[in-house]
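Structures for review follow.
In what comes next, chain A is part of two complexes: it sits with chain B in the first one and with chain C in the second one.
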Partner chain A sequence: MIAAIASRAATPLWLRHNAGVAGVIVLIGVVSVTGASVSDRFLTLANLLNVCEQTTDLALVSIGQTLTILAGGIDLSVGSLISLASCLTSGLINGNPDRVVPVATAVLLLGSFVGLLNAGLVVALRVHPLIVTLGMGAILQGVTLLYALGPVGRVPRGFSFLAYGRIADVPVGATLAVVLCGLVALLLRYLPLGRQVYALGDDANSARLVGLRRGRILMLVYGCSGFCCAATGLYLAARFGVGQPYTGVNYTLASITPVVLGGTLLSGGRGGVVGTLCGAFLISLLNNLLNFMDVSKHYQLVAQALIIILAVSIYVERRGME
Partner chain B sequence: MLTLKGISKSFPGVRALAGVNFDVRPGEIHGLLGENGAGKSTLIKIIAGALAPDEGEMTFADAPARWASPREAKLAGVHVVYQEFALFPQLSVAENVFLGNERRNRIGLVDHKRTRKEAGELLARLGVSLDVSAMVGSLSVADQQMVEIARALTHNVRLLILDEPTAVIAGREVALLFDRLRRLREEGVSVLFISHRLDEVFALCDRVTILKDGRLVGTHETRDVTRASLISMMVGRDLGELFPPRPKAVRARQTALRTEQIAIGERVRDVSIELCAGEIVALAGMVGSGRSDLALGLFGALPLASGAIDIGGERFTAMSPAQAIRLGVGLVTEDRKSQGLALLLDIAANITGPALAEVTRHGLVNREIEAAIATREIERYRIACRGPATPVATMSGGNQQKVIVARWARICRTVLILDEPTRGIDVGAKAEIYRIMRELAAAGVAILMITSEMTEVIGMADRVIIMREGRITGELLGHEATEEGIMHLATSGRAA
Partner chain C sequence: MSGSAEFATSAAASWSVRAFLGRYGVALALPALLALGGLLSPSFVSAGNLSNLLLQFAPLAIVAIGQSFVMIVRGLDLSVASMMATAAVIATSFSGADHDVAGILAVTALVALAVGSLNGVLVTKRRVSPFLATLVTMILLQGLRFAYTQGAPSGNVPPALRVLGSARLGGIPYNSLVLLGVAVVLGIVLHRSAFGRRIFIVGGNPLTARLFGIRVDLITIACYVISSALAALAGLILSGYVGLVDNWVGQGYELDSIVACVVGRVSLSGGRGSILGALTGAAVIVVIANEVLLLGVPIQAQMIIKGVVIVAAAALYSRRETSSG
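What follows is the complex of A and B.
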């Protein structure tokens, strides 16, 4: 039904781009109702706020991934960049509260710079982003392991506020993720370069003929993705109290699931970050439900995999049938 | 305004342009004429910075122009309305019109309200009323063309290039477009106008330049040339030499293929046609009229939504390409590079592609049998190559097309469908393709030829079926078909 709405010619554009949000909200409803029948504690405010808190890392990294996918690319270096960011954060701060601000700033800048480097390589070498970012991921993982073979440094207690802090019961990290999502959504809608992200993802050849500057668009999306990875790394260091060299390894693939669930086309040109945020929440909610049902972590992975395949099969453009 | 000196460009296996000189004056409408494959599109792409010439010099507004990208040409004031649209199907009409040239508010952010308002006004001046919030992918081809034209007019244009803008629009829209172009001329803008329709060239252009086989034939004041002289300059020979003689009409033919009110996707509705063994039927109509979808449907590459196809007395309500091939039906698709050939493989593999069983021994492909078949076909169709192991990608468009036609001609017993069989190939190769079609028809194959070239319809077809917006709007016998008659049925759905 959602696919039908999204592909109907008469459907307004805003709805086409946000059809994923509607779909995800329906699924969130289904999971909630199931959860309520499993446990009384599932649909309580306390549990839902917990779920929000647990969504933070996935939400942060997926917001950046949404941008690269919208532009017709993908960023496979996110996992290693997150690992590097978390190791540098705790290793450089090393328990010294005075270093928190300068190190956090430096890590965010470094993440953005790695993203810009990805974009630069894609443009300069004319290599598909899949390959460039895959290679970048391997390089970053190597660099991380050169820096630390195991857990490194520690963060001061105050820094953990990022991961566990609550203001009036609302988790701080999750709030920051929502704010970031809002900013990116505005940027995509109101920045000329933001509109051009959609154009590039829709038809790269037309974009060239119209005279769009692909390099700038790619720098924007990969730079943002790098920034989001650095933020995720900071968050994970705060959550675990220490940086670990493999902490980001699962995020590369995990960051794609919320994007697709949220209705962004894998081929680019359609979708948005609000859908991604909802998609990330849905995944956390589902994992939470499986926890309530005492299903092992391993089955949770299987469930996630099934969801992504199902989601893609729903959203797939039925070309030739239209 | 624009001067070209000795521009040459080659692609693997073809010399697209050879030493072309010509110029466009400030404030003139300059027609560019030539058959398909004459090099017009390549020339436009060079002027627009989308391709770099191998040799030659270009000056624009008295400055040397060596553009590294379309963006640089645009900044200099060169804008192109391409035939294959440079549009973004998932974005709205308004966004497409102003893409890369966004309407902004005081602080530099996109002003969506102003974008929609100005896009609406611009389109209204071109005589189209469109919902500017609609997605471009959902528009008709004609409306998409108008969006593309509107976009070119949003810039500060000094040279506007239109690549067959009237191929998909008609009537009022053409008249308004011409008005607009004449007004631009008064403002000192130069227009380079490419069209197949000579009437339009005479109505609009101050001068015309004719290209043939990548070479310049000449530039003339429009008032100094006639229709006949233009045609002979474009074709370079009489039509009689191009088209093989028609056989004496044979009556009482067998039906090879018949459709009963078939619908395919959303673009073909209620189509009932009949093809007889040994006849050549042309399927005419505008691009986007559903011609290609009909071809794909008959071959089973698009599903039938309703109706039935009758082939050799058997009735089918569903068809697949594998089944079509078994029944002796072949399809030469419009886009040989993406839908026809395996470009990196050699001629032999491309010819035997759909008939692998024939060259397979003990479960393995036997290259010797394959090569023997290919050698026979290469001789039969005079394919210029170094042998059956020549990679198809290195051959010229005309020879590539012969490879595809050879592939299907060999295994087609019943019906051969050819979609734009002579697009982008030189005149010599065209004559060969026409000869092959006649031979196949003489051997009893029914031929359905989709084409936009009127000379081809009139020179080849025993019967013409005209489509418009997914339906059959008329049928003419070969000897009563005229360009005007066909255009009328294709654009208004009524006979002249």
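What follows is the complex of A and C.
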């Protein structure tokens, strides 16, 4: 009896804490049902695995973006960093299989370092992350273009396994993205520094008063974001077989959509990476559905915008003007 | 509104040297940049090049003025570039003759009103963060534009718009005259009218503004509409400059206009900024880009310089603000 009451009381609480995830799952359900009525092939395992495969890049960037937004900031340098990472990957490997491991490691380190640099500048210069990462984005795009004005280098055949490889029909890249998401979710939930990310994003002033180290927290989130961008760059180099200087340009703003759809507040402090992963999946699923319905690519943008408006209308940011 | 009148006098009276430097310090950087440009490359100060500078300056400056209105009320408008491209598509959707200019202006104004209102309503009534709200309208406009043009816009820009966008009157481009008109009118509105005072109060402290009896939501929405309208105007001018249309007219202007405002000391956290600041910031960007070009530095370096300038400018201001209070 008591257990029943407790569970009844607990359900709304759980829902309240995970309204974002619940909302996005409902939307995924709606799209799935619509899809099933449109085509028999929509809800097949093969199609859904394809959708997962196509979600990989967006999921990877958005995981990092979620962290910066949770901490009350934003990372607008992601697009340029992805471009730089993809160019460096294929340019430095240049078809030589022996160089894959060292170059990939170096690129991941470089990405994390750029993230740390963002955090350092935010703290040292006392400038809003929006401005710092915007400036960093311009600088990185310039550097990328100095390195390569067009497609550069190539990756060995085996490297494309990252993008197209399947183990027992399960796409490798997407699995890695899910694993990364799981790790970050655990980090946010169980590490003190992870909890502090929420504290800082919820109320920076109180976080300072209780003695949280803003610098460390920011280094963690921007470092992770940089790492995720580098990973996306590697993935895109693997997918296209070559690095391109503008390959990441659309991800800067696109990476924010899944975060918002997943119920993370843009003002920080509430949300999580699992919602983001679902949000990224929802976008790919929606595009897939529109493809099935033979809707032109142009209307897919309209649909995306409308679904964001729908989502933000469901969970209004309840902070307002305090 | 005796309250806003008092605010007006107290702000207008602060004409000490320090306040002047604080407010217009970046304006002093501009002559320095121009002189440096003249020293480094003689062709920089030629009448032809200066006239070209003005021609490129006007569209960005117009967008930056709109952006500053939004930033003063604690907002941000990412949809300006998309609005510009949409205006350009509208400009070529008619027959391409001069008698359609009135129609073009009317349709563009309506679309700008709708976009600005949508931004403003999302921000005020739905309390969506400005970044997200304007991002959504950006995507929405882009999608509608693509759907309307099927990805391949075509058509001609009416000759009158071409004159507006690229012709000159005795060396002075027509678009600069438009800019001058816009800047003077909106400068008076922002800095000398009760409405302008209210904008600053809303940006400085929305709660106080509400207690004063100011209609915060309405003022905020008005600022977003002003921004969209100016972006649409800049889009028409730019389409006249380019002469043909694609889906990406104005690409990059959303970030450039924000950079211009930050360099021109319009505060990202609201409540502070000026038309002159936005103009100066835009001028600094255009001049730097032009100098980089004339000096033969690789064009890619422009982006690096732009990135360094924005971070450096923001760092400079944040230091001054924190040290003075």
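One rule holds in what follows: the second predicted complex is superposed on the first by the 299 of 322 C-alpha atoms of A that agree within 3 Å, B and C clash if a C-alpha of one lies under 4 Å from a C-alpha of the other, contacts with A are read in each partner's own complex, and residues count from 1 in each chain.
Keep in mind that, in the parts below, contacts are C-beta pairs under 8 Å (C-beta built on N, C-alpha and C of every residue); 3 or more make two chains touch, one makes a residue touch a chain.
Just so you know, these numbers come straight off a predicted model, no measurement behind them.
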Touched partner set for A:132, first chain B, second chain C, both or neither: second
Partner chain(s) touched by A:63 [first = chain B, second = chain C, both, neither]: neither
Touched partner set for A:205, first chain B, second chain C, both or neither: first
Touching partner for A:269 - first (chain B), second (chain C), both, neither: first
Which superposed partner A:192 touches (first chain B, second chain C, both, neither): first
Touched partner set for A:301, first chain B, second chain C, both or neither: second
Between chain B and chain C, more extensive residue contact with chain A: C
Touched partner set for A:108, first chain B, second chain C, both or neither: neither
Chain B versus chain C as contact partner of A:260, first or second or both or neither: second
Where chain A meets both chain C and chain B, residue numbers: 320-321
Chain A partner contacts - residues on chain B that touch it in the complex: 48, 50, 69-71, 74-75, 80, 82, 85-92, 95, 99-100, 102, 104, 108-110, 112, 133-135, 137-138, 151, 265-266, 302-303
Chain A residues within the chain B interface of the complex: 9-10, 12-13, 16, 189-192, 194-196, 198-199, 202-203, 205-213, 269-270, 320-322
Contact set on chain C toward chain A in their complex: 76, 78, 122, 126-129, 131-132, 135-140, 142-144, 146-147, 150-151, 206-207, 216, 255, 258-259, 262, 268-269, 298, 300-311, 314-315, 318-319, 322
In the complex with chain C, residue positions of chain A that touch it: 74, 121, 125-128, 130-132, 134-143, 145-146, 149, 253, 256-257, 260, 266-267, 296-306, 308-309, 312-313, 316-321
